[in-house]
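The structure under discussion is supplied below as structure tokens; questions concerning it will follow.
Order of writing sets the chain letters: A, B, C and D. Residues in each chain are counted from 1.
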Amino acid sequence: MSSSFGTLFRVSTFGESHGIGVGAVVDGCPPNLELSEADIQPQLDRRRPGQSDLTTPRQEADRVAILSGVENGLTLGTPIGLLVRNKDQRPGDYGEMSQVPRPSHADYTYQVKYGIRASSGGGRSSARETIGRVAAGAIAEKVLRQFWGVEIVAWVSSIGSVRCGEVDVETLDRRQVDAHITRCPDPEAAERMAETVREVRDAADSIGGVVSCVCRNVPAGWGEPVFDKLEAELARAMLSLPATKGFEIGSGFAGTELLGSQHNDPFVARQGRLGTLTNHAGGVLGGISSGEPLLFRVAFKPVATIGKSQRTVDFAGKSATLEAKGRHDPCVVPRAVPIVETMAALVLVDAALRQQARQL
Amino acid sequence: MSSSFGTLFRVSTFGESHGIGVGAVVDGCPPNLELSEADIQPQLDRRRPGQSDLTTPRQEADRVAILSGVENGLTLGTPIGLLVRNKDQRPGDYGEMSQVPRPSHADYTYQVKYGIRASSGGGRSSARETIGRVAAGAIAEKVLRQFWGVEIVAWVSSIGSVRCGEVDVETLDRRQVDAHITRCPDPEAAERMAETVREVRDAADSIGGVVSCVCRNVPAGWGEPVFDKLEAELARAMLSLPATKGFEIGSGFAGTELLGSQHNDPFVARQGRLGTLTNHAGGVLGGISSGEPLLFRVAFKPVATIGKSQRTVDFAGKSATLEAKGRHDPCVVPRAVPIVETMAALVLVDAALRQQARQL
Amino acid sequence: MSSSFGTLFRVSTFGESHGIGVGAVVDGCPPNLELSEADIQPQLDRRRPGQSDLTTPRQEADRVAILSGVENGLTLGTPIGLLVRNKDQRPGDYGEMSQVPRPSHADYTYQVKYGIRASSGGGRSSARETIGRVAAGAIAEKVLRQFWGVEIVAWVSSIGSVRCGEVDVETLDRRQVDAHITRCPDPEAAERMAETVREVRDAADSIGGVVSCVCRNVPAGWGEPVFDKLEAELARAMLSLPATKGFEIGSGFAGTELLGSQHNDPFVARQGRLGTLTNHAGGVLGGISSGEPLLFRVAFKPVATIGKSQRTVDFAGKSATLEAKGRHDPCVVPRAVPIVETMAALVLVDAALRQQARQL
Amino acid sequence: MSSSFGTLFRVSTFGESHGIGVGAVVDGCPPNLELSEADIQPQLDRRRPGQSDLTTPRQEADRVAILSGVENGLTLGTPIGLLVRNKDQRPGDYGEMSQVPRPSHADYTYQVKYGIRASSGGGRSSARETIGRVAAGAIAEKVLRQFWGVEIVAWVSSIGSVRCGEVDVETLDRRQVDAHITRCPDPEAAERMAETVREVRDAADSIGGVVSCVCRNVPAGWGEPVFDKLEAELARAMLSLPATKGFEIGSGFAGTELLGSQHNDPFVARQGRLGTLTNHAGGVLGGISSGEPLLFRVAFKPVATIGKSQRTVDFAGKSATLEAKGRHDPCVVPRAVPIVETMAALVLVDAALRQQARQL
């Protein structure tokens, strides 16, 4: 049951990296929404490997098929089955690793938890697992856009120690983000990031980074207080992504050094509602959206699979040396951008429907 | 339903800050566990205000009563009702604020979400809401200790820009943490923190900080992959606490600057299991506990209620000035320590029971 | 977690029959609803023992107190804590039974399941557990009445082999039902039922019966297809009540003997919607309300506790004889009437809110 | 979210009758279980149409494919994707009905609920929706058999007014049930049932019936008290099946006419546990399995689709006449037998895992 997400808009994913395919079932999508594979494929394309020389050279087409829940281009309100068949299966590639759990991978913990694990690749712990999410998230985004005009844009705000400059979060769009293969909208920083990634790649190593995200036009009132606060659901959603190690919203960790008189966001009158002069809150107050843009950041560790030789031990505890032979991303954050957007969309659409149930 | 947490060990909290009382119902506690109010009161005492001159001078005894689920000192396996009556109700104190939503508080968002809000204090958005959690968490901790020997210790790792020095996470205990009123186990830093808080308090201001937490003796194999990863549940739990703005596990945001070859934790043989030489992972791999200590940090913003005069607007959008009259914490993090432990315990006990269901 | 019910309007109950009290937490109640104890007490009064010579002579006042979620007579949208303190505790009464599991009671199964059980009375398996439900259900009923005009009326349709005559389900109200102590609205049958119960009571025995229920003004469109069909949720709700052994909706078991051409309900035009000429369906089609009255029946077995001597065995398997000393209902169905209404209300209010979430 | 069932062993189904396919995702299946399509196909074969002249002549092969969660013949503990492609799509067949909601079908209620419905056949309200359940249920049955030796056998106990004679529920097996095309294990009654169905079929009509079910070797202690009682979950599961109108367990409605002294099941010593002399309870006490066989019955109404001409109205309320042209079952109960077994298995496996979580 750990592969389901959401209360009213519920996504259940399935699929191993080297099995027949990966996919999702989306239950609770509003009926009468225009929907086809063409609404879903773009985010899958932004996610797939092989988009530039910064990512793994693996080529995966990742074509989605809608199995149910849509007829004549309209959603029926019933579960939407989504399937992406695995193309580039090479079970053999990983064979030699099977006796040695890869450091900082989930081989060891899956084996302990289940007493078994997928023989090739990461199985469910592989990044391919996110394909089902991205397909579902594209539907969530469409619902959010159509009924509330919500816009979600993520971008790469750092790779290693290279930081993106100031970004105008009121206007940033995906075209600007995608203008550079790093998905960093600051051209100068983007170039330095690309350079960093190439260096790391050539050293058969990997490097981490941070993805930032803004959600605009989220009405005030979304998010359920106490345990299901909007920021809590976002944090959970982001930390459920492979390779993530941190989440912050608004002022985040830096805000802990501020005084209350500096950090508090004074209210100001906006058209028909209240806004805030500053947005240290990151768009949430008490777990509920305030009407200001949601702003959060997600930390991604360096990819665990590296070509460099690593000293470790095998499952029996005997010394071993690992050198990954496969084709791997030296830096995952450019491809993580649509995945972060996806999880934001899944959180928001569920919050929206839960609040909708109160509009009696 | 947003006031419930957990799948098999489920806590449902209730209560406003200025109503009759606050409490919780704990469903799914294992039967035949020795339990009385004496097991619960200590964490409530560590959480309550008025413990030192660094916290609000409000005196709240916060005595818990067990209403059900326990007989002759043993749990029955049935829901445990917990009630803490509110003593220090002063609805009048907040009266004048009612037309002006307090900046960086939830007054505005509750009003928009529900079309109504508690007339005094924060209602459910008040820190008093955490009392029900802490009572429930004390039970969770007892279960974890008794069946698995799990130890959970949180401490203050920074206040403003004052940082706690190195801490031995293998041995740190609550006695050491409580040795200083700041709950920072580094005596020298603790003194500087206390000084900072007093300065801030005297300036009628507030300041934020970071709480760190270690969970020891968590067996490998807890946590449910994909959406319910252990780190995802921890992130959600922590961001569900009032005033939190960030969460990081293991290397966190700093880890994004490392290379994979630096960040990867090589496996080593331990007695009957594998451990890791380093613990950048923070005790989780692929959402599952690795057997290494869980290590995470939570960012708390400066308390929003300050005595200092603030320019803002009222609900109608008209300019207004606010000066809090009440008795408030200049810094919440010392009292947040048991609350962070509480949420960690609630996450872990649920993960433990979910994994237990697999021991066929 | 088995003590929670509902997705958006969620009730969590707690409390043993001989502990401090019983109660519930209602999460998800719409805000701004006028609510006080006076809205809840009447159904508790209809449920309590000691109302006539047909029920147990135990006198339990069962006064409800609202602990949270309501301020100045209005719901806040936050969890509503409800508590009824136990008055008539006599732990001693049951002492002698403790070595002998009462036949057709839950003593044995609780002991096996939990390895412990409440020492007095039924604990959670007692009919007192329904108090928390009834209190919550009264709130649900108020929501249903206020926003949709829903009317729920249950009545006793049989006791033993005495059957209630034809009832006009379009107009039947609670006043008519309560006109006779049996809660059978057919005066002649009611008298014979009362006679039956008195005979059974005097023989230190007990007898079963059937409660029927109609829900009027339920709009078409409530109920979630597939697993959460409206009739499925009603069946679950009713079979979750102590002493129930059956549920049927519309034509029920008798309908299995009809031909399709007899059983099908032809559609007819009603004002602005379609109705049906007959209502063998009982108001649901494919798990969704049709706009016709919901009609269902619930079977209650004879109360298990009887004064008559019973041959059985003790927990060790040794022969034993039981003679209940306490004060018990010879027939539970008159008091079950408000409890059936309660569960219907809890099912409907949740279905209503879930459908409301689709009104985009 | 209404297409999901279960807490720890969770099934999510998808698919319309005339779309690409139907299927399910099973999350929470224990790892290391031998599993292949060959474990699932037999129950799908028992469910499919075209098995005899008593069912619809439609031929649907209904071959299942496992998409994920199984590798080298063993379950991985991860979600098991299951897909059955629709073969016999004839969207045209139903075209003419689209303006006229079929009486006692879900056309009208789906249209009101969603504002749209599948253009052909029943979509999600079709009996084809149960294919995903049956596939999932076959896995549940294998888990139950392997770890606890649970045996589930359902049979036809009546069609119309023809009743099956006494059945030995301790020994009845599926071979005996399948010996006759009616799935009634009483040969003489079976012949009369077949005759009845043929008469009804030749009259272009339909008829209802009752399916009974026994679950043996269910250990004492399964089922969660209060709202998730075992009988409540069974009732919900059965009433979630298309065309069901009633559920009873043990003595059911007939038991309401008994005295307590007749109905109570005296305990007797069995090997190492207590049993009961009689089993009016149907294997449950207080919502928890007692160790005695579970015994319940499910009422199926006559199939709504009949060839006979029916007077009704169209969606606009205008008079219309309907005559189904398709190929339909005159009586659904023989094919319902494996579906009832399926739902029993889904309930029991979830109860088993929930109880397993208590075995600390």
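The working rule: a residue touches a chain if its C-beta (ideal position, glycine included) is under 8 Å from a C-beta of that chain, and two chains touch if they have at least 3 such contacts.
Fair warning: this is a prediction, and the values are worked out from it, not measured in the lab.
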>> Of the chain pairs A-D and A-C, which one is connected by the greater count of C-beta contacts?
In response: A-D
> What rotation angle superposes the Cα atoms of chain A onto chain B, in degrees to the nearest 5?
Replying inline: 180
> Which integer distance in Å separates the CA centroid of chain A from that of chain B?
Replying inline: 26
> Using mean CA coordinates as chain centres, what's the chain A-chain C distance in Å?
Replying inline: 46
>> Nearest whole angstrom, what separates the Cα centre of chain A from the Cα centre of chain D?
In response: 39
> Residues of chain A that touch two or more other chains: which are they?
Replying inline: 1-4, 7-8, 13, 31, 77-78, 113-114, 124, 225, 354, 358
>> If we count contacts the way the header does, which residues on chain B are in touch with chain C in the complex?
In response: 1-4, 6-8, 10, 12-16, 19-23, 25, 27-28, 31-32, 65-69, 71-72, 74-81, 83, 113-119, 123-124
>> If we count contacts the way the header does, which residues on chain A are in touch with chain C in the complex?
In response: 7-8, 30-31, 77-78, 147, 225, 353-354, 356-360
>> Help me check something: in the complex, which residues belonging to chain C touch chain D?
In response: 1-5, 7, 13, 101, 103-106, 108-110, 112-114, 122, 124-125, 129, 158, 160-161, 200, 203, 205-210, 220-221, 223-229, 231-240, 242, 244-253, 255-269, 273-274, 276, 280-282, 284-291, 297, 299-306, 308, 310-313, 315, 317-318, 355, 358
